[in-house]
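Chain lettering (A, B, C and D) follows the sequence in which the chains are written, and residue indices restart at 1 in each chain.
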Amino acid sequence: MKDAGQKSSHPGELGAPKRLNRSTVSALDEILGTQLPVLDDGFVRVIDYMGDDSSIVQAAKVSHGAGSKKPGEDRAVIRNLMRHLHTTPFEMCEIKLHVRTPMDVWRQWIRHRTANVNEYSTGDSIANSAQTTVASQWRVQASKQGAGAFLPLEEGQLLSARESQFQKTSRDVYAQRIAAGVVKEQARKDLPLSTYTEAYWKIDLHNLLHFLHVRMNDHAQDEIRSYAKLIGQEIVAKWVPLAWEAFLDYGRDALVLSATEARILSALIANSPEGAKTIAESAGLLAFDKSGKATRNFEREEFESKLRFLGVTPSWM
Amino acid sequence: MKDAGQKSSHPGELGAPKRLNRSTVSALDEILGTQLPVLDDGFVRVIDYMGDDSSIVQAAKVSHGAGSKKPGEDRAVIRNLMRHLHTTPFEMCEIKLHVRTPMDVWRQWIRHRTANVNEYSTGDSIANSAQTTVASQWRVQASKQGAGAFLPLEEGQLLSARESQFQKTSRDVYAQRIAAGVVKEQARKDLPLSTYTEAYWKIDLHNLLHFLHVRMNDHAQDEIRSYAKLIGQEIVAKWVPLAWEAFLDYGRDALVLSATEARILSALIANSPEGAKTIAESAGLLAFDKSGKATRNFEREEFESKLRFLGVTPSWM
Amino acid sequence: MKDAGQKSSHPGELGAPKRLNRSTVSALDEILGTQLPVLDDGFVRVIDYMGDDSSIVQAAKVSHGAGSKKPGEDRAVIRNLMRHLHTTPFEMCEIKLHVRTPMDVWRQWIRHRTANVNEYSTGDSIANSAQTTVASQWRVQASKQGAGAFLPLEEGQLLSARESQFQKTSRDVYAQRIAAGVVKEQARKDLPLSTYTEAYWKIDLHNLLHFLHVRMNDHAQDEIRSYAKLIGQEIVAKWVPLAWEAFLDYGRDALVLSATEARILSALIANSPEGAKTIAESAGLLAFDKSGKATRNFEREEFESKLRFLGVTPSWM
Amino acid sequence: MKDAGQKSSHPGELGAPKRLNRSTVSALDEILGTQLPVLDDGFVRVIDYMGDDSSIVQAAKVSHGAGSKKPGEDRAVIRNLMRHLHTTPFEMCEIKLHVRTPMDVWRQWIRHRTANVNEYSTGDSIANSAQTTVASQWRVQASKQGAGAFLPLEEGQLLSARESQFQKTSRDVYAQRIAAGVVKEQARKDLPLSTYTEAYWKIDLHNLLHFLHVRMNDHAQDEIRSYAKLIGQEIVAKWVPLAWEAFLDYGRDALVLSATEARILSALIANSPEGAKTIAESAGLLAFDKSGKATRNFEREEFESKLRFLGVTPSWM
């Protein structure tokens, strides 16, 4: 946001110059319209955007008096907003994407309702392309020890061959209906969820970051996580680098301790293992079966992994 | 909303009684939880609701000073709100539904973003049931003369048999993947769009009426229109009968004339066919090709059908 | 939206060019940042925008297959979208304004919740300017015969003098508190509603048109109507001229007849005054008191004014 | 949500009983409609509600497969949802309040846009009551050492007397305008921001908890914090006690460490003061002026107070 600096009619108040140029981000302009590939036949393209890091600071200046003229302080302002959940200045930036995704990904995508959406309509030629799985990429249910394993290649080859055959059948079924004169909206009904669709998707930065928080997470499904990572790392990081850094630090990678967990950690640091144990028990985090073994508790197990990260051993282990 | 009538601490102002009972609608209570069937294996169930016709009037009394103590005037208040686009009082009523729909219907359903949604998650047993089409229900593309025709029965039988076979194959493909140990979220990827899913869907009355306006419309796809009609006629009509009547009259069944169309109609009523023609031409509604024939114009054709409804013949025909 | 036209990796499908330039509207660029004055000390400034008329068509092409390459058909597409309540393509345009309004106007403004907002925070110097009323502009309650009358000048002069004195007192009260060390957020509590505030306000075109529909209306309060008119006529009309024209025709200036009203009009056009009367009576629009005089009914009176516009005399008058 | 337990037509799937009773919370029913007083003349009243703790679990069962039949496990499910930001099940509960607040509080209140609102309209008798400040309650700007101090009583008495006189004048100004025949909407323009207004406010539980998070916070203004505390402690705690407990623990009272802060804490726990210092410096949290003194940095100061809570001394102090 570069104000041309004319005399304001309200001197000393909010900037009120006569002329303004739109904020532009050259790193984003360079990829505008370019298809960034995802999965075997999907993509994300930036169509347009509004605002940049300095627009966030400008909005904060209005609503929190937090702006700053000094160069180099934008980072502090943006981190401060992120830390204190002052989300409205981030809503002042907006981006419009053109995406191509399997319908199964799209189903999860549009559960985020705070965006504007125009989805490609009914069964056109475009609908006949489906997302395929190579033999090495069939994921198996995570065992207790870890996640992310794949089926042995030979088994995968069988499934991939069956997939290919099935998707071909689905195209034949569709084509037969169209040839018989059936309306497209009905002919489409048995296309597989792997069929690609396209959409325009427009969203403000605050809500986009929330989408990325949820969808870049390890718990998100692989396919949508591929899109989220691309949008974060290839688009948002270029568009608003300061906001992106603050989001990684205070959002995606933050360590959140519940009030109870903070009290337990405090006791452990103070070398009070019994105190820690007492808090954990009274909060329902810790209980023992008849044999004296701690019963399973997902909340405590997640807390224990936070403690491990901090290098602290829980007194009950 | 029945106020128990105690003395208010702000006499003469908004009702401020000490105790209140929740508004209830016995006609809706009677079907609470009951599966109302749609399509071959879908349903809609009312889970809970908040407010009734009198809650709308109560809210209007607050925001527009439009309330009334006299019995029988609720109808006038509600019609007045509907006519003047005073939508916020309708937002004071809320309903929660449990629905079961093919995923292709659900895709269209959740484009309406103003609701709260919890969709049934990944590929469980439930996912294996798919919506089927009986031989007589394969719709053919509407010709110029009309819509709603079906394929001849013999052709339909071929398609239905193929559909049945294909859906069986899709279940086999899914089962094979699960048996091989593939994670459900990936195994699910080639299920057909006709596969049923379930969701809880919670929405306020204003936004529900907008949903019904769009989805009960003749342009909506048959399948989702079946759900919309059921919700409107079997649920909303029982829940808030006065709001429903006003919506039909001023929403779904209203006749909207553009400013230009109203001026043309006015000229036709005043027996000024040339005046009407002149307005239509200057507004771009009417133009002639070299042979003197009016060129096709969808906007004008829709206007002509409004005129036909009113019993007026356009001067250019 | 000017696609640079490179070969798409999906030939025949949605445009997928390698590079894109942002859409720009030179008529809007010319006033970017300029304070457009409203009331005695308010203004509206355009800060940034996304999209133009052709972005609406582009989005429609995605979601309704309604796009067109032929020049001159954008207007038809946009009017078609507006007529059939296909609102999502209009959401693909976004605008950011900086506004300065009395707090009493702002209270009404932000009841429209579909925007992003950053309001100027607490009691700064800016807060001490209040909106003043010149002696000729004190509005009197509309009598039955008409609206818009003003107090006689001498009476207005008394009120304006009192206003000036009172606003000065309010500044003194505020200054006294600040001088005593009171926190600004509390010192501010008795500032008059006429005090100016400032905000950034960002909204998509669909929701902006809804805002303008409600706030340009004759029923809206004069002060906010001044802002709405300016935004419509000086900003939106320049930004998206085709959408603005369609909105005026099908939104602000449309003539909406309820289903009942349309049936009555049809009967009157068919020279069936008794039929018209019967419909009106059975719909509750028309009733008579003991002396045979039609009882007052706001809905019917509004309908009668629609009939007058069309040059039709109701049979019951 | 008590299902009457009939045989489902989809055995083994989501509960699909024939009849259902609405969920009720007797602790909330007991205060339904009762004015809970806030400030000198404000209140909050519960008008209606939908759902309870078990509705959250029920919705989670649909969308995350996380439900449980075993008694006593609802708490674990709700805490799990809260911890993992699975917010949609909390949206399945809805509450409607009637509130009476000074306009200055209301301005802040409705910045939260995810609610349905009907505000009391224009300048009625109700508008003439203003919030007053007793002599002991004039807050002074927080010094570096602390917040929450008040003006000496004698000074406060002067300000309270002036307030009373000024508010009386404002009523006289209003009354004079009304007597002269000025329309209420204009006569109202100079009423002080302390004037009470009333509204119906309806919101889902997820968004209500976000509102409470922001407005119960120490940074929130005293007046709105009084309302937020009342709503949280007197209403939400009774309505959904398990969700309220989880919110306090993981929301309001949680300890959030940025990724950087977590790494520094980890180094401090590992007795690596130099390592901690290096991380802090490279992240821009720590810098020294020429005299070797750490320069002020709000982010670091807030981090230091988190460390103090945990009983850890930063190595740079």
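Here is the rule we use: a residue touches a chain if its C-beta (ideal position, glycine included) is under 8 Å from a C-beta of that chain, and two chains touch if they have at least 3 such contacts.
Just so we're clear, the structure is a prediction, and the values are computed from it rather than from any experiment.
Visitor: What's the farthest chain from subunit D if centres are computed as the mean of the Cα atoms?
Guide: B
Visitor: Could you grab the centroid distance between subunit A and subunit C? Build each centroid from C-alpha atoms only and quote it in angstrom.
Guide: It comes to 35 Å between the two C-alpha centres.
Visitor: With centres defined as the mean C-alpha position, give me the subunit C-subunit D separation in Å.
Guide: The mean C-alpha positions of subunit C and subunit D differ by 32 Å.
Visitor: So how far apart, in whole Å, are subunit B and subunit C when each is placed at the average of its C-alpha atoms?
Guide: That pair's centroid distance is 26 Å.
Visitor: Hey, what residues on subunit B touch two or more of the other chains?
Guide: 88, 111, 117, 119
Visitor: Taking chains as nodes and touches as edges, what kind of graph is this: line, ring, star, complete or other?
Guide: The chain contacts form a complete graph, every chain touching every other.
Visitor: Quick check on the complex: what are the subunit B residues that touch subunit D?
Guide: By the definition above, subunit B touches subunit D via 1, 3-4, 9-10, 12-14, 16-24, 29, 32-35, 43, 45-51, 55, 58-60, 62-65, 88-89, 91-92, 94, 96, 98, 116-122, 124-126, 198-200, 202, 204.
Visitor: Report the residues of subunit C in contact with subunit B in the complex, numbered from low to high.
Guide: 75-76, 79-80, 83-85, 88, 111, 213-214, 219, 248-250, 253-262, 265-266, 269-270, 284, 297-299, 302, 309-312
Visitor: For subunit B, which residues count as touching subunit A in their complex?
Guide: Residue list for subunit B touching subunit A: 102-104, 106-107, 110-111, 113-115, 117, 119, 130-131, 133, 138-142, 151, 155, 158-159, 162-163, 166-167, 169-170, 173, 176-177, 180-183, 185-186, 188-195, 221-222.
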